[in-house]
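Input: structures, listed below.
The same chain A turns up in both complexes below, where it pairs with chain B and then with chain C.
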Partner chain A sequence: MSTASVTEVPQSTPAPGAAPVRHWLRFFRSELRNVFLRPRNLALLAVLAGAPVFLGMVLRINTPAPGSGGPGAGAFVGQIAGNGVFLSLFAIYVLLTVLLPLAVSVVSGDSVAGEAGLGTLRTLLTVPAGRTRLLATKYATIVVFCFAATLIVAGLGLLVGAIFFPVGPVTLLSGDTVPLADGLARLALIVCYVALAMSALGAIGIALSTFTQHAIAVMATLLVVVIISEILDAVSQVAAIHPYLPSHFWFSFDALLRTPIAWSGVLHGLASFAAYVVIFGVIAWARMRRADITS
Partner chain B sequence: MTLTESAPAEASPDGADRAITTSGLAMRFRGGQLAVDHIDLAVPHGSVYGFLGPNGSGKTTTIRMLLGLVHPTAGTFAMLGTDLRALDSVLPRVGALVEGPAFYPFLSGRQNLARCDAADPSADLPTARARIDHALDQVGLLAAADKRYRAYSLGMKQRLGIAAGLLRPRDLMILDEPTNGLDPQGTREIRSLVKQIAADGTTVFVSSHLLAEVEQICSHVGVMSTGRLVFQGPLSELRSRGEPRILIRTTDPPTAAEVLGKLGLADITSTDGQVSAVLGGQPPEKINAELVHAGVPVAGLETARPSLEDLFVELTGEGFDVNG
Partner chain C sequence: MRRRGRLGIRTRWVLPAGAVVIAGGVLAGTVLASAAAPALPRQTPAQLLAAMQHATLPPAMTATISQSANLGFPALPDIGGMASSPMSAAALISGTHTVQVWYAGPRHLRVALPVSFGETDLRVNGSQVWLWDSRGQTATHFVAPSSARPMPGQVNPAPGSREPDPLAGLTPLQAAQRVLAMVGPTTKVAVPGTIEVAGRAAYQLVVAPRASQSLVGRIVIAVDAKTHLPLSVQVFARGSSSPAFQVGFTSLSLARPAMSNFTFTPPAGAKVKTAKLPLPALMPGAGSMPGAGRLPGAARPGARDGHGPLGGAQTFGKGWLTVAAIPAGLPGAAAGPTGSGSAAYQSSLKITGPAGQGLGMLRVLMKAMKPVHGTWGSGRLLRTTLFSVLLTSKGQLLVGAVTPAVLYADAAKVK
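After this line comes the complex of A and B, so read on.
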């Protein structure tokens, strides 16, 4: 006999089959709410949203001469005066160096280590949420966050670009001009590519997150990994290891701005991200399976 | 269908008239310290089992093992008739509060429970709202349900922790130090809550480092000391374990002690103005007569069993936090 005083609460017969999916979606929604309604994460997203606005204003006040600028981000700067769409690309380029990885570090640090630090990891595991299920849900949430963060940067870049600058057919890096719709489709592809790059970083983050109960340690470690990776990537003497660095392919999205699209660069990037997700996903899972939860 | 009907009908597979059985359960920390030293718990179905011992005696580690949070270095256990290898299948029937409540400070009490319920892969979806409200109501938090957890008092936090265990009908509740840090009023509230849960037929396994806080509600006790289970059994058995002593108040303790010694009483202790010894089956009136005969001025004479607290101090050695 269980708690007799709960008898008045009706218990419907669970429908087998679809139940695991519905239960998982409910858990996933709860996880998303926790990440996206957390004041600290909202502040992070606000900073990410503010960056394109700030960049747009600066470039409006001090408009660079059309065609000016150099390689990398410079290639976009020179075009912004002629086409606001490039503000979106410029913002992604600028934020991809540190700010986007920082946001991913914070959220992936929170994912397991943060729960351990709060003690809520033991609450969830005694529910029981299931260790593998919890990890999968956490990672799915990180991926959603990566897409949301990138989309916010690109979206606000586009919006502010459209307000401050003319918008029209897009002149690609290869010199061809394509219709605006084509340009926007390419921008969408770039958002996906960058979000996947950040999701791969998030996989490293969640793996680190299973080893500690200090979210801040995960965040710092992951940022150090990003910065070292970016520094090594700039040192030509170690060119042999460049393709294996986590950040090496992040900026390869410029291939999507050429005609014809240089798919090989993009596909190499995606393969690299997939490799990172698999390797660190397995590490996280193996660790999560066996870890003693003493927090 | 009601919750009561859907609860397992006391399915007691072979030998499982016990809610928890452990055999040789041990946990050695990485540092080499044996936190839990091969204990054999036997928690009967329907009991309120007080799991007692000083801080650091291995209670929480044992509970963490039972809930699958940490892995035993040796031994095995079964809960509700289910072996630890199938722990995930039995945990939904076990409500737990481990080492104090742990919730999200930025969520309200209701949101926190909703999150616990959402994490449950076998929760009943259509009744979620009603079950959450009911759990809050049972612990008296309905009025404060929409307050942020951050703003809760310690007692409210503990009660929310118990509410999380009440989100669905349970056959076993494992409560680790539910009264820790509470004022007497809060402690009393938790006690009556535990009583109510037990009255509904749920087996309750409740740990505490304070005997006095659980003494009134327990039917059985297990006493831990430095990782070992030094006593286990019905509370009445523990009570009867203490040997009655005789206590004599007198202005002449040395002579009184001498008389008691001649009568063959053991463990004679003599302090200023009083002498005591283990009675050992001797009639007190005879001892009184002998004392008077020897010219000892007897100001008072009584026999008493040692209190449970005294027994606990004896079992657990020094450092047992008897009075908090």
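After this line comes the complex of A and C, so read on.
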């Protein structure tokens, strides 16, 4: 959904036949290799993977009493001892505040600005793909990274939770208990939701990334945007702008933990993410078409 | 590439601007309720009021009810997590709250109060009544009386009914009912147009007090064109264009909800408690949920017999100028020096009994109260957009949707 809105931008070169698709796939694969083999990004993924392990060990040593826990998803803490699945949910909640957005900031900030800074963007543009397709490929890579990062957090949370704690039927927020398979299906939906939320942030990142050659500036800017958005979201006096903040719907995945699933909450979130992808996708596109690539 | 390459800078940036406008519009459309006016046959206020008298709760519904208040209070700190609970009095006077209702007759009801990563659920299935709180993972089993309950939420409940009403104060029905009770010579009524609420065509019924001492400017009720159920109630302060208080359906389906909504089995690992009815005393704030339980101006006649949320209250005045006087603890509490909001002053005000929860918050509001005096005595005054609160030196708390002058006049009458 999120990638489609970017790739739907009309292609300048018609692409009949399989050759351009193959070219594109090769380009996409090389972009994926670039992102997933870069030591900096691997370190980020390692930190993301380490967090659920660390949380699991801490909670294993110092097991909280059932029903205890702080505000927000802190309430999950009390349930982890009874069901390891909640470690996965708790890890997603904890990392979604700063660490996941940080990882997305680094990758998306690097995507265009990093190449420009290294002087490799010019070389890339010699690939017979066109700037629109270059941008689409870059963004598709970011989306894959968002899914990978969220999946790593959720997967390791689940794994560590299953090792340290019992795993069984899941108690939802509404007080209903669903079988483990149903609970895991909901967890999968949550992973998709959070990954799409991060992809929307990635769209802002790639748009900012087209304006500068300094990747670090984009990373810092995007992180500041995230933090300001989260602060404003907590100030009730500006409630009128809350639905428009990029981070407002990130934590709405609690709607998937109710019976019946509160789809309206989920759909509001997805609409917000789609809006951000479209707006910043088009901004990035407009900027890319114009920019003089000199380095 | 070649064709696009010739696009001027201005043309190129039209696209992002357009995307912002379209996406913003779509987002606003999903976030804000649409306000298209449906075409309906004309009705006079009298016709509409008569039809509303006979309206009853539908046999089944699945609904989302949203309540919001902006009473112009000073910003309240979160005392002991009070504001974070959707059922607290503090939550009721500020912010927006959502309640979900599944209803299939008086013996099958589920009311859910979803909050971020939490939910409180009341489930009634025949004689089985459960209250679930996800925060503490606690399930409370209420031992219900075996006799059948009266039809809840009826616009005209049997007088003298003392059975707990499971939907008490939850739906716009109660709010509208209280407003309609005010209709009389002191009130102007009009039907200025139609509106769409929760996807249903509705008439707008405007009720406004004639007395200029009332702080209520007007009350707008959206009356469903088919069922004549009130779909929303908005209270506007005098001279204000945005509602100070509103409660209404944001979604409403009259289909019968699935039975799984009403049944409840405590999950493994939950704390299970057993409690005896009556429910309202045990479910915090059940009597003061989004609804007109607290609707300023609709000072309830029931308050006098200790049935309302404010036990032991006296009332003065009539209709829109009704003022409730509540003994608020130690005499002389408010007579102290004007060292505004000193800790000693605040702690001197001890409130107990059923009014405790609602009034406990008032201690926090002390800081915002101005010292006032007159021929009636002296005390402290809090004025918000929709009502005034006077705490006299005799320890009486006077509350009404009226100008302070009315409170002073009534304060002189308090024994």
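Here, the second predicted complex is superposed on the first by the 274 of 295 C-alpha atoms of A that agree within 3 Å, B and C clash if a C-alpha of one lies under 4 Å from a C-alpha of the other, contacts with A are read in each partner's own complex, and residues count from 1 in each chain.
Simple rule for what comes next: a contact is a pair of C-beta atoms (placed from the backbone, for glycine too) under 8 Å apart; a residue touches a chain by one contact, two chains touch by 3 or more.
Nothing here was measured: the structure is a model prediction, and the numbers come from that model.
Engineer: Contacts for A:Arg290 in the overlay, against chain B (first) and chain C (second): which applies, first, second, both or neither?
Structural biologist: Both: A:Arg290 reaches chain B and chain C.
Engineer: Touch check for A:Gly119: first (chain B), second (chain C), both, or neither?
Structural biologist: Touch status of A:Gly119: first partner only.
Engineer: Would you sort A:Leu134 into first (chain B), second (chain C), both or neither based on which partner it touches?
Structural biologist: So A:Leu134 only meets chain B here.
Engineer: Figure out whether A:Val21 sits in contact with chain B (first) or chain C (second), or with both, or with neither.
Structural biologist: A:Val21 sits against neither chain B nor chain C.
Engineer: Looking at A:Ile61, would you say it contacts chain B, chain C, both, or neither? Reply first, second, both or neither.
Structural biologist: Neither chain B nor chain C is touched by A:Ile61.
Engineer: Based on the superposed arrangement, let me know which partner A:His268 touches: chain B (first), chain C (second), both, or neither?
Structural biologist: After superposition on chain A, A:His268 lies in contact with chain C alone.
Engineer: Between chain B (first) and chain C (second), which does A:Arg29 come into contact with in this model arrangement: first, second, both, or neither?
Structural biologist: In the superposition, A:Arg29 contacts chain B only.
Engineer: Kindly list the residues of chain A that each of chain B and chain C touches, one partner per complex.
Structural biologist: 12-13, 130, 290
Engineer: Provide the residue numbers of chain C that touch chain A in the complex, in ascending order.
Structural biologist: By the definition above, chain C touches chain A via 1-5, 7, 9, 12-13, 15-16, 19-20, 22-24, 26-27, 30-31, 64, 75, 84, 94-96, 112, 114, 116-119, 121, 130, 132, 134-139, 251, 258, 260-261, 264-271.
Engineer: Note which residues of chain A are touching chain B in the complex, please.
Structural biologist: 1-14, 19-20, 22-24, 26-27, 29-30, 34, 38-39, 118-130, 133-134, 290, 292-294
Engineer: Which residues of chain B touch chain A once you look at their complex with the stated criterion?
Structural biologist: Of all residues in chain B, those touching chain A are 1-4, 6-7, 10, 64, 67-71, 88, 91-92, 94, 96, 98-107, 114-116, 118-127, 130-131, 134, 138, 164, 166, 169-171, 196-197, 200-202.
Engineer: Enumerate the contact residues on chain A facing chain C in the complex.
Structural biologist: Its residues touching chain C are 12-13, 66-67, 71-76, 78-79, 82-83, 93, 130-131, 168-169, 171, 173-177, 236-237, 239, 243-244, 251, 254, 257-260, 262, 264, 267-268, 271-272, 274-276, 278-279, 282-283, 285-286, 289-290.
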